[in-house]
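Paired with subunit B in one complex and with subunit C in the other, subunit A is shared by the two complexes that follow.
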Partner chain A sequence: MTSKFVGVIAALALALAACGSGGGEPGGGPAGTPDAGATIEIGSLYEPQNLDNTAGGGQGVTEAFNGNVYEGLFKLTDDGKVENLLAESYEVSDDGLTYTFKLRQGVTFHSGKALTAADAKTSIERVISDDSQSARKSSLTAIESVEAPDDATVVVKLSSRSISLVYNLSYVWVVNAEGKDLTTGEDGTGPYRLGSWKRGSTLSLEPFPGYWGTAPANGGVVFHYFTDATALNNALITGAVDIVTSQQSPDALAQFTGNPDYKISEGHSTTKLLLAFNDRKAPFDEPLVRKAVSSAVDDAKLLESVWAGHGSVIGSMVPPTDPWYEDLTSVNPYDVELAKKQLAQAGYADGFRFTLDTPNYDPHPTAATFIKSELAKVGITVDINVITADEWYTKVYKNHDFAATLQEHVNDRDVVWYGDPDFYWGYDNKQVTDWIEQAEQARTAEEQTELLKKANRRIAEDAASDWIYLYPQIVVAASDLSGYPVNGLNSQFYAYGIKKG
Partner chain B sequence: MRGRTAFVIGCVLAGLILAMAALSLVWLPYDPSDTTGGRLAPPGDGHLLGTDKLGRDLLTQLMVGARIALTVGIGSVLLGALLGVAGGLLAGFASDWLDDALSAALDILIAFPTLLLAMLVVAAREASLGSAVLAIGLAMSAIVARLTRVLVMRVLAQDYVTAARTSGTSWPRVVIEHVLPNIWPTLLVNLSLQLGLAVLAEASLSYLGLGPPPPNASWGRLLQEAQATVLTAPLGAVAPGVLLVVLVVGVNLLADGFRDLADPTRRRSR
Partner chain C sequence: MGRYLLRRTAFLLGSLLAAAALLFVLLRLLPGDPANALLSVGATPEQIAAARRQIGSDLPLLQQFGSWLAGLARLDLGTSFVSRLPVGPEIAARLVVTVPLTLLAFVLAVVIALPVGFVAAWRSDRWYGLLLNGVSQLGIAVPAFWIGMLLVTVFALRLRLLPAGGFPRDDWAEPGRALTSLALPVVTIALVMSASLIRYVRSATLDVLGSDYLRTARALGSSFAGAMWRHGLRNAAVPVVSILGIELATTFLGAVVVESVFTLPGLGTMLVEGIAEHDYPVIQGVLVVSTFAVLVIGFAADLVQRLIDPRLRAHVGGGRP
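The block that comes next holds the complex of A and B.
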């Protein structure tokens, strides 16, 4: 009740402030000078399920809240670097098992409570707790204990070295979990606090006056949620939204191309389309067969079909924004003759038949159709089995009951999954598992990078999966907008830098 | 006269699609899975109607689609007619309580939305041509059965049937000699209307991804796939839509024509 009332007052104050800067000050009017009081209207297809990223909030809550409402000890910048955020500095013990973080001073939560080390401790423990549904839980398994010896110090003890700890902590939001339901409300330290969330429609964020850092360059943001990409683009055309976080069809771009009212930017995403084989079962337990299939499919042609010249072919699991990226497109080149030769060598000169489990949403059915037609040329018959996302999760991900499947993998730095023989694709190579384990325990970033490069090259040589292409990240914005993120790393979308005018 | 014109137009429209489907059995401009064309190539230049996203020839896809539409349409009408007429005859001849039970079952089946029924069938089996035929045929059979039952009861109330029954004619003979000859014209008209509805139902199912799986080029899925590119390549969405309208309108006009031919009162008035 009270908080709602405060919200209304705050909104009124904002509106008045906007009027003041527009009418009173001479600098507010002319084009070219950003209007610091302007509200940015953001169009998105990803409404949060709830507001807690440890309770299945989905990618929507990351997009709206990560870095905007909640902050971690570290942050992943739009170009993939890790920087200090709520941690001012940190030290690592010689054995690499103890990390000591010094917290930034003078940080307060939106509720007014001052940030202490105890909050950071409970926040980390929330993510690794048994009932946490955080996607990052599995990468933090090395954490043995978290302690807060004083208000400004957090000590994390590990059971084994983990060079990615700092990077992984950039996904751990520091929250004040006391006395608030975090699935419907928030208490973070970020530059914005939650205004209101109208389910099925909008979520608004307003600047937090007590923010420790630089205040946002705008007077607040409103996320408008759409379930249909066409409706979303229409909203951009009519001016109902200023920016669309991620375009999912190149053909919708035609209406914005060459129009001076809009700007189109193409950045890197970390989303990869995979033809994932079940490496446990014949015929795909044989690397030569997997290589043959990889060489028989013209990835560039499919990319052109789906994305019309956007996106890129990568040849392995690592996208260019990961530090251990290497161009491996020549390892399994598109070469039908080579594919036929490899099939003959593997004893499948007359081809074989397999079922391709295909999620029922774009671009999977299109990709499946294309792959079927490509593999027919080398004598392989593909039966397309269209399934829902739920069926995929049960049949493929949990029960490993499949021959091959199509799936998009959205995370960055996820090549490490090839080190887990129990993962759904069942790639089991002792050497690769060792490299990935050693990389995690590396003493320097260089050492880690070297080892993961080796692992990435080896999985490409083994064609552990067929990495078809990397999605583009296309943002369309009104041309008076600037300062928005252009890369789509893990679907985060920092809004505080966006300027209008 | 008006009825005759409608019948001729119906023949031409439905015949056009039938010819397309028949031709597709022996000849296609391209292999349906041939992806050698450019992305969304405009009409002309080797592709009469252009290509889709994957570079497949649109005319080829449409011809294959005609075959699928007619297969599902005719298949489900046959299934619906078989089950529906059998059920209707049974209900029409049956004792009171069996008739009541059957009628109640039919009412429930009719009240069940076709698409929901189809989703259930697809969930129980798999998305395929056979599932589509089964789902649409089942939904249709209820409507056909109810109509058949009413028609049968009307015939059974006639004096000459009562005479035949009292003189000891067996049930099968009553059905074959008296009932069927009297009800088939009305049934035929209804079944041809059902054919149009079945074609639309198949397109809806495919549009929702519940029809024959890719790469089968159903018109419904062609529409769905072309939706994203409707601004850049409108023909991809327009062409299957037009063919769908042509077939359904054609079949409906044919049904109108059948009715005029079958109805003795109309025949006399001419």
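The block that comes next holds the complex of A and C.
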């Protein structure tokens, strides 16, 4: 570049920098004294699609709104426990079919309206209505009716026992559905109310002065949305954001490691990377073939190459934060000789060929290439077919038109999908379906845990899918920040405890 | 002139209609279903059907096209499938970023390209003329996002002079801050654009420098500057203006890539998000507005060209005046 060019650029840059306010440098305030008025700038890759989690708002609205703007009758804490929130207490009838919830008193919505049992009733009914696109709808099918006999009481009647009801209700926002369009606005009871939402850029939350509980430890939060991880990390480096909700770029970690200006915390994630077979069709209808594939792929090596020491191998569908977790990595160990033997036993001594439908975003293409080279060692040829998320949904999820696919499954407690023979992977085992159904109808948590452990062990023995690894959950924050959630279970991100300084 | 304007306007509207129809058909040929963007793993077939019903993607195509066109005629671009917000106001909000970005970049590119292109032609035999020529050729080959990333590394990450991306939440309430956010994207686009502009300015100037009329003017006693000013610039401007029109349109479209690099909430990022979510009303809205802008710019460039060059005016309107 000529000196003239450089001169022009430099002059322009300096002139513009001089007339600006100099951007946002991190920190501010003397060390050791948290600034309760400070605004926390949060960087995220997940912008809400709209503001309603029953109308396709997606992961982003859960992250920004769960517990911050909206509250449920219960809340799932960052370490995975279910606590009372808007429900002060509840009772279950002996047959387990009637739940009576007592509402907390003195709670008001951001609009000023007092919370009543009628609001809780409408809120639950919104999620299970015909129009609902809530991801939780299918787990609430046992609900037969919701009644509000008085302003402080909600009664839920079930058609069959559902031990997860209280847990599932932690995802049901209590909303004031009157008068406001909840896809573009909000009326919740949480510690924050919506400040402004600038599509494609930022969403701000400001403290709600009439909040019933403890006021937030900060003066508000702003979510800054990015479409790529590099831009997000640049914002963290330049101090434009204080914290990144979930670090998705392993390569970028190096620049924060060992730097005193940043803190890196690794919590527990619930996101699993799956090589999901179509268990309906040959050759993957044969458990031996699936086991062989599972044993032929060195999961730990892939995890190491993608995440360099972060994350874990779990050997089945259940992450350590679920009560029914068990280390099952030894069920289908990495063992090429074993894999070859199993293939021969299944009648595929010379291997076979299949197409692997691979979503086009990280880490799927990397994983696909790795799996292809691993399986080549046992004589299996993999044709990688790269597809968009949208094509995946139509081809694999809806039409079941695939041999095997890669997909990340983000939710906790999602081992129950193996009890649904109509789910996309088509795993159909009567025993597992029964166990999972009985677990939901269990009388005690211990009984539920026991049954789901059995189911989880059985799907591992059958290699219903190949569970490659559990993602790490890494939060990178400026070192003057504290009180932030480190696990972010199911994309939740409670912001009210975050302190600066 | 009146008939010319009328004909051009009719042509503009016709092109717009053709573009709208083409867009609509092409989008529908893409595989996938817009309802998918609204749902997550765990959705039941009933939920998928309900989503399709809600956004109207289960209606016959002709009916969808008809109601979209009817909306267009009323300047109503419809409602996003995903955000459930009207598309028109959303586009207006994005233009607050994209229009200044495009115009600033365009002006800067012209400011760079005119003198550099002229010098590269005028002193094409000197080392610095050759160098300018070489650099502009190199500039054409470099992609915009790479220049953007380079500038971010130097000015944002190392020198900490400018933000790495983003745009103020209150838009232009503090013009200084907004300009600061636009500085690197503007320079990125301007550099890429000026590279090709320099080529055009250089070759237009070379044509003029070698022309008979300039030599005649000099022979009649004009100074070089005088001859250039009276005869040269005006002639050189004709091809350059037509290229400027195309370049301005290209800048507008090039903003798509650059906005993504700098996470600017402009029209470009809106388009990218719309495509990812199969949000047809958003994609159609952004593309119709962009097409309209490009056609209008081309129209304006034509008009300016005719103002500069009387020879073009003489041929219009069918008969001779």
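The rule we apply is simple: the second predicted complex is superposed on the first by the 471 of 501 C-alpha atoms of A that agree within 3 Å, B and C clash if a C-alpha of one lies under 4 Å from a C-alpha of the other, contacts with A are read in each partner's own complex, and residues count from 1 in each chain.
In this section, contacts are C-beta pairs under 8 Å (C-beta built on N, C-alpha and C of every residue); 3 or more make two chains touch, one makes a residue touch a chain.
Note that this is a predicted model, so its numbers are computed, not measured.
A.B. asks: Applying the document's definition of touch, where does A:A135 land relative to subunit B and subunit C: first, second, both, or neither?
C.D. replies: In the superposition, A:A135 contacts subunit C only.
A.B. asks: Give one of first, second, both or neither to describe whether A:S249 is in contact with subunit B, with subunit C, with both, or with none.
C.D. replies: After superposition on chain A, A:S249 lies in contact with subunit B alone.
A.B. asks: Identify the partner contact of A:K372: answer first if only subunit B is touched, second if only subunit C is, both if each is, neither if none is.
C.D. replies: first
A.B. asks: Where does A:V221 make contact in the superposed view: on subunit B (first), on subunit C (second), on both, or on neither?
C.D. replies: So A:V221 meets neither subunit B nor subunit C here.
A.B. asks: Scan A:I474 for contacts with subunit B and subunit C and give back first, second, both or neither.
C.D. replies: neither
A.B. asks: Could you look at A:V61 and tell me whether it touches subunit B, subunit C, both or neither (first, second, both, neither)?
C.D. replies: In the superposed model, A:V61 contacts neither subunit B nor subunit C.
A.B. asks: Of the two partners subunit B and subunit C, which one touches more residues belonging to subunit A?
C.D. replies: C
A.B. asks: Could you pull out which subunit C residues touch subunit A in their complex?
C.D. replies: Contacts found on subunit C: 31-33, 36-48, 50-51, 54, 82-85, 90, 93-94, 108, 112, 116, 128, 131-132, 135, 152, 155-157, 160-167, 169, 174, 176-177, 179-180, 183-184, 187, 191, 260-263, 265-266, 269-270, 272-273, 276-278.
A.B. asks: Across the complex, what residues on subunit A touch subunit B?
C.D. replies: Contact set of subunit A toward subunit B: 229-230, 249, 251-252, 254-255, 301, 304-306, 308, 358, 360, 362, 365-366, 368-370, 372-374, 376, 384-386.
A.B. asks: Please give the residue numbers of subunit A that touch subunit C in the complex, ascending.
C.D. replies: Interface residues on the subunit A side: 1-2, 4-5, 8-9, 12-14, 16-17, 19-21, 23-24, 47, 49-50, 55-56, 58-59, 130-133, 135, 137-138, 181, 183-184, 196, 198-202, 204, 222, 224-228, 231, 234-235, 237-238, 240, 388-391, 393-394, 397-398, 407, 409, 411, 414, 417.
A.B. asks: Once bound in the complex, which stretches of subunit B touch subunit A?
C.D. replies: It comes out as residues 33-35, 39-40, 53-55, 126-127, 209, 213-215, 225, 227-229, 231-233.
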